[in-house]
Structure formats: structure tokens, C-alpha cells
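Chains here go by letter, A, B, C and D, matching the order in which they are written, and residues are numbered from 1 within each.
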Amino acid sequence: MNQILFGVIATLGVLAALGTVLARNLVHAALFLVAFFFLVACQFVMLEAEFLAAVQVLVYIGAVAIILMFGIMLTRNIQGDDTTTVSKAGFISGGLAAAGLLAVLVFGILDDEGRTGRAGWRDVTTRPAVYPVAARASAEQTKAVNNMGFVVGRELLTRYLIPFEVAGVLLTAALVGAIALAVQDGPSTDDPAERAKKAAEHTAAAETEPQLTSA
Amino acid sequence: MIIYNYVFIGMLLLGAIGFAMAPVIVMGILGPKKRSKSKSEIYECGLLTTGETWVRFRIQYYIYAIMFLVFDIETVFLYPWAAAYESLGLFALVEMVIFLLILAVGLVYAWAKGVLKWV
Amino acid sequence: MHDIPLTWFLIFASACFVIGLLGVLVRRNAIAVLMAIEIMLNAANINIIAFWRYSVPGPEESPVSGPMLAIFVITIAAAEVAVGIGLILLCYRRRASADVDQYDSLSG
Amino acid sequence: MNVATDWALPLVWAQQSELDSIPWLKWIIVLAVVFFGIFPGIVAYMVWGERKVAGRFQDRIGPNRVGPFGLLQPIADAIKLITKEDIVPRTADQWVHLLAPVMILVSAFLVLPVIPFGLGLAAVNPPSGLIYLIAVSSISALGIFLAGWSSRNKYSLLGAMRAVAQLVSYEVPQVMSVIPVILWTGSLSMVAIFDRQVEYGWFIFSPPGLLAFILLTIANIAEVNRTPFDLPEAESEIIAGYHTEYSGMRFGLFFLAEYLSVFAVSCLGTAVFLGGGTLPWPFTGEPVVTLGSGQGLLSLILVNLPLIGIFMAKVGLYVFLMFWIRCTLPRLRVDQLMSFAWKVMVPLSIINVFIAALWYEFVFRPGRPNYLLGWGVTAPLVLISVIVVLSIYKAQMKADLAASPTSRRRIATAN
């Protein structure tokens, strides 16, 4: 049951990832990416990190996907333009490089011996139990799996305090940076002279601007 | 196992997809099929649409999306903090005030820069 | 009832990582490249969580080290997308193209 | 403290059962009867109710031809929608065009299983229930965008972009306004939130709780695109917004999804702030605990029948409030809408989190419940912050209007 579920999710996940990379239309690629995010969230659930699965859906599908869509809309790739094509030679060489890396990774994973005192990866076939009945279960880990939100909050403000505050600084920097980049011209994009200049750059664009007031 | 709950949610997901698709399929079978060229045109209050769909979008859309992203991640930090507040006490409150003050800088910057204004 | 072997997760993650790499290598559109990078970061996250769940933390270690790392990765990935799209929009405004091959004014 | 774990729960399944022991039959029956039978039925009669209510507000009668009091109207509507011609624009993206409404409807459905309708009457109880809830409800923004994009219609795309901008702006206060509840409960589980309210009374009965409830309600109305926040489908400006190109049952899916999300956000508001199915203070704790403490099926039915009834009555009132607002207020302008979200709702909900922490210190911190001090400190704080934020906002709006005399013209052409 577990293994079948994993197989289904993993197959769909790989297909969605391939779809993201190969889809010509950028919005379709983004849609495949959303599917991939969702399947990664499913994998998190399979790994019993359901808090993280919810965070994954919230941040990636709820926010990152929206930003990507807006980015696509703002760069005028409504129906996918010519920059989305892939040259054949580039595809073959890139594919070869990727396949080589995959071979190395799979070989490495299956051949891992494990550090001293630990089992190799290929020998780890069951996860440590977190049920109270299991002798091996550590109380902390049980709690971490069963109420991850709580434990994450506790750790965030004790052990991971500095990373937490730095993450705040990073987010602020990203926000300020993104705004500074995007509105570089300031609000002046709205004055008519600037608009005319822009319109000259995108002649086709100017023609298609809809007359909203007449609708 | 935590997956146990999510099997139900997965079933609900599949069921909801089926629930949504079924009437559309039924409509395809039951409904009249009188195709015509003008019927499958894009609707624009009777006028034929000109040019492509692309419209010059305002950069504000992107700004709002960015702000949303930042505050969404802030929630990801705030929710666990709130859940664990009971066992953390005032120190955690002070830390969260600092965190939110840092983030408020971004909001204030956006406000001061005038990008929150929709014009 | 058999549990899933650890290597399955690792191989799935590496497959996704490699697909992301392929995307970074072959796509020319900047936004498509950004999406491929997101795939790679997500693959890394799966690995992190798999290792976390399949090992027992020591008495001095944090019980949620894996999820914490994953949350920070998600944070950084999101910040990266925000700034990345901002940069792409800026370049697009300058060159009217989102093709990464054209952003070559720094190459000698 | 956690009442629910001690009781025999009919619908919250044990956390740590193995996957091999899934009661497939029971789950399928619950899904078919409750999720795809009762909930859509409720939604259908909500539409009827809204038409009746709106009729009264507008001095009409409302539907009264089909059946007694027009009670069969929803069925007639469904038959009408389902026998229409299936029209998809020639240039549209066929698959995405179908996927978009399905996505929105799925997002509305997925919110419901974590709602505790009664004692142990939540379909599932994941430990991160609340964050799960906001996560799945945020999927609908993507569906709306796809609906607009796949139609290849300028007005659809415009409506979709507007809708998404609005949804993401109001999602921030929506998400942040429930943080006080998490803070007071100490858990992300919806069932735990309900139990806490059984124990301590409704969360709305505190200054930060009241403010959070108001913020949540405003954000909820905006999240489900209802007047006065229905700009995405402003028919006078952009035809019908993102669902311009949808007809027949495809449009019916949007319709169903909208009302299902109205129902879902009403359930959220009720479960999180209005104490679920409990009566106000003197009847909250002891009677429920006494009635529910029996182990038998009978006592569970006895305690749950009134709980569900009261829950549904509250949801009905909440929904009626939304209808009322819809019938009374005109549509906002897009600039008012956005700046209201970012300049009023977001700052207020952030401040409210800290006021809620103070309330926790005074009232919930084990050992010293001091309601008098709690009200004395937090009520003025809430009042002051609301007044300050609103006056800053008003001053800002005035300054903006004075600074640009052309702003009204620009708004008309802004996209």
C-alpha cells in the first residue's frame, strides 16, 4: 500500500517535472510545475512531514506559482513566444550531461557504505518508529512528527533564533530589492510622455491596448 | 500514521474532481450541438476581438504578488510561533516583535515608494 | 505492510534534480530557467526530509532539524523567485526579450 | 486539557492507525453522503436563500414559481445548466479551460474536511489543520488566473489579473487574523481550537478576538469575490471578468464553487471565533462536557444534534450577513480596494497579534485568569490602534486625491 502510493506519486512527479522542462508554452510549463509542487507535497506527507506539506502548498502553489504567472504575463509570453523553443543540439548535449549526472547519483546512492557506525543508505529500509509502543522511538521525535507545527515553533525561537531573524532580513531585502528593481522608473511610467516612449518600443503592444472605458 | 488522514483527503480530492467533471460530461452528451463560427468566437459584447490577448499589464500586479509572497512566508514563521507561544513566554514575544519590525520595514518602504497606490 | 526504502526517495529526488538541471541547461527563456531551478530546490528538500525521517536525532540535536532546513530552503527559494522575476522584468524592459542568451553584455 | 482525545469519536479517526486498516466503505459513504450530497444541497439552497433575501431587500418576491415558495428552483436551475450547449471558444486552451473551474471547486471542497461541526465531527484532524486549510484555500487564486488566461479574452485576462491581485492582497489579513486563535489554543489543529472554546468560551468575546473576527470577515468577503469586493467580475467594466467565456455547466461550476467557498469561509469563521456549535458562555463548558462524557452512541447523538443545529444556525447568520452586505453596499473602486488591504487590514492584523499575546498573558496563562485586567489593557489598545491606522489611511487618501487631480480619469483607464 505504502509502496504503491509512493510509486504512483513518484511516477507522476517525474512526469510533471519533465513536463515543466519540455512544455513549449510557458503557462503550461508553470502548470506542470504546480503539479510537481503538489506531488512533492504528497511526498512530504509520505514522509510524515505534513506541516511541511501544507507549507509547500501554501508557499509554492499559493504564492510562487502566482508570481511566475505574473512574470510570464508581464514579459508578454501570453501564448508562449519563440524564446521558449529548444535547439536540438543543445537538447542532446544537455540531455547527455543530465543523464550522466543521474547515473553518477544513482550509482552513488546505491553504493553508499555508510559512515562508521551507521548503516549504508541501501540498508535503511524502514523508518524509525515514532509510536509510543515502539521501543526505539525517542519521545522528542515522536512529538516532532505528530505535532510538527508546535516543535518547529519552539525550535525556531530557541535553537534557530539567528537563522530565523536572518530570514526576516532576507525577506525584507528581497521585498525592497524586488520593488526597487520593478519600479526603477518610479511611478513616472504613468505619465504620457513615458508611455509614448514605451509604446514606441512595443508597437504591437500599443495597438492592442483595450479601450476599457468603452466596454 | 499521519498519512492515514491524508488518504481521506486524497479520496476527497479525487471525488471532487469527479464531482466537477461529471456534469460537464453530462452536458456534453445532453446539450444541443449546433456549432457555428460566430458562436465559438471570443465574446466581446458583439464586437469582433482585435489583436492578440496581450494587454499592457501594470507592474503593480507583480508588486502585490511579491508582497503577498513575503507575508505568506512570514505566516509560515508566525503560525508555529503562535502554536508554541505557551511554552516560550515573553522572550518569544520580543523576538517576534523584532522579526515583524524587520518585515515592517519592507511594507513601509513599499508604502513610501508609492507602489501600494493603484494609480 | 512494507515501509518504503530510503533509497527510493533518494533516487526520486535525484531524478527530479537531474530533470531540473536539464531544464537549466536547455531552456532559453529566463522564466523557464527559474522554474527549473525551483525543481532542483524541491528535489533537495525531499532529500533533506527523507534523511531526517529515516534517522534518529541524537540527544543534543534538534528533533526537527530536517524540516527547519527545508523551511529555510523554501524561504530562500521564494526570495530568489521574487528577486529573479524582478531582474527578468528589468532585463525584459531593457531588451524586450526574456531570452537568457541575449543577456550577454558582460561576456568578453 | 484536550477534551477530544478522551472521548469516543465517531468521525475523527485515530491518528496512528496503520494504512492497512483503512475503513474504505465507511469513508466512501461519508464522502458520498456528506461531502457530495449534503454540502452541495446546502449550497443549492443557499443560492435560493440569497435570491429570496435579495428579493426582499429590493422589494421583490424572489423565486416563487417552481414549487412552493420556489423551493424547487435550484433543481430547475441545475437541469437548465446541465442541458445547455457546451461552448468553448475556438481559440481557447481546451484543457486548461476545463481545469480552471475544477481547480477552484476542488479548493473549496478541500477546505471542508477539517471543520469540526460538532464534538468529534470533523472528517479528519491533521495536527496542522489550520495551515492546511489556508493552504488549500489559496489554490483557488491560481484556478481563477487559469480561467482568465485560458479563455484568450482580454476582459477575462484582465478580470483574472484583478481577481488574483485582490485575492492575494486579502489573503494576508485573512491568514494573519486567525493567529490570535492559534496563540490562545497552542495548537494548529481545528479540533483543538474547538475544544479550547468549549473550555474557555468563544474567542470572539475579547477585544483582540473581536477585532480579529471583523478582519477575518472582511477578508473572507473579499476572498469569495462578493460585493463590495466583486471587482473581478464587475460587469460594467470587464463583461463578467474571468468567467466571461464560460457557459452552461462550466459556468455552473464557478457558481457552485463560489457558494461552496461562501459556505466554507462561514464555517471557518464560526468554528474559529464563534465557538463552533456551542452556546455562549454559561452554556459552553459544563453542559457540553457532561453530555458528551458518556461513552455510548446515544450521548454522542444527544450532544451532537444540538451542536450541529447551533453550528448551522451560526453559519446561516454569517451567510446572511454576507448577503446583507452585498445588498447594501456598492462596489469599491480598485484603488480603494488594494490600499485598504495593505494600509489598513495588514497593519491592524499584525498589531492585533501582539495584543492577542497580551490577552494570553492576562487571561490564558495557566494560573492567573484576570479578565478585568485583560479587558482594561487590551480594549483601549485595540481601540487606539484601529483609530490610528484608520486616520493615517484617511489622511493618506486625502493627500493622494489632492496631489493628483487626474486620478479619477486614470482609474477609469487603469488596468
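Please note the rule applied: a residue touches a chain if its C-beta (ideal position, glycine included) is under 8 Å from a C-beta of that chain, and two chains touch if they have at least 3 such contacts.
Keep in mind that what you see is a predicted model, and the values were worked out from it rather than measured.
Peer 1: Which one of the chains is closest to the middle, using the mean of its C-alpha atoms?
Peer 2: Minimum centroid-to-centroid distance belongs to B.
Peer 1: Please state whether B-C or A-D has more C-beta contact pairs across its interface.
Peer 2: Spelling it out, more C-beta pairs touch across A-D than across the other pair.
Peer 1: Between chain B and chain C, what distance separates the C-alpha centroids? Give it in angstrom.
Peer 2: Result: the chain centres lie 21 Å from each other.
Peer 1: Could you give the separation in Å between the centres of chain A and chain D, each centre being the mean of its C-alpha atoms?
Peer 2: 27
Peer 1: Taking the mean of the C-alpha atoms as each chain's centre, how many Å separate chain C from chain D?
Peer 2: Each chain's C-alpha centroid was found; their separation is 33 Å.
Peer 1: Suppose each chain is reduced to the average of its Cα coordinates; what separation in Å results between chain B and chain D?
Peer 2: Whole-Å distance between the two chain centres: 14.
Peer 1: Which chain C residues reach two or more other chains?
Peer 2: 1, 71, 74-75, 78, 81-82, 85-86, 89
Peer 1: Of all residues in chain B, which are in touch with two or more distinct other chains?
Peer 2: In chain B, the residues touching two or more other chains are 1-3, 5-6, 45, 53, 55-57, 59, 61-62, 65-70, 72-73, 75-76, 79, 82-85, 87, 96, 110, 117, 119.
Peer 1: By residue number and range, which residues of chain A touch two or more other chains?
Peer 2: In chain A, residues 1-2, 46, 48, 50-51, 55, 58-59, 62-64, 66-67, 70-71, 73-74, 76, 78-79, 145-146, 148-152, 156, 167, 171, 174-175, 178, 182, 190, 202, 208, 210, 215 touch at least two other chains, as defined above.
Peer 1: Using the touch definition from the top, list the residues of chain B that touch chain A in their complex.
Peer 2: Residues 1-3, 5-6, 45, 50-57, 59, 61-63, 65-70, 72-77, 79-85, 87-88, 91-92, 95-96, 98-99, 102-103, 105-106, 109-110, 113-115, 117, 119.
Peer 1: Considering only the defined contacts, which chain A positions touch chain C in the complex?
Peer 2: Chain A residues touching chain C: 1-3, 6, 10, 13-14, 17-18, 20-21, 26, 29-30, 33, 36-37, 40, 43-44, 46-49, 51-52, 55-56, 59-60, 63-64, 67-68, 70-72, 74-77, 83-87, 90-91, 93-95, 97-99, 101-102, 105-106, 109-110, 121-122, 124-128, 136, 138, 140-141, 143-145, 148, 151-152, 155-156, 159-160, 163, 167, 170-171, 173-175, 177-178, 181-182, 184, 201-202.
Peer 1: What residues of chain D sit close enough to touch chain B in their complex?
Peer 2: 13-19, 22, 27-28, 31-32, 35-36, 40, 81-91, 98, 101-102, 105-106, 109-110, 113, 123-127, 130-131, 134, 151-155, 157-158, 161, 164-165, 168-169, 171-172, 175-176, 179-180, 182-183, 185-188, 239, 244-245, 248-250, 252-253, 334-335, 337-339, 342-343, 346-347, 350, 353-354, 357, 360-361, 400, 404, 407, 410-411, 414-415
Peer 1: If we count contacts the way the header does, which residues on chain D are in touch with chain A in the complex?
Peer 2: The touching residues are 15-16, 19-20, 96, 99, 126-128, 131-132, 134-136, 138-139, 141-142, 145-146, 149, 152, 154-155, 157-158, 161, 164, 168, 171, 186-188, 237-239, 410, 412-413, 415.
Peer 1: For a test of understanding, state which residues of chain C touch chain B in their complex under the given definition.
Peer 2: 71, 74-75, 78, 81-82, 85-86, 89
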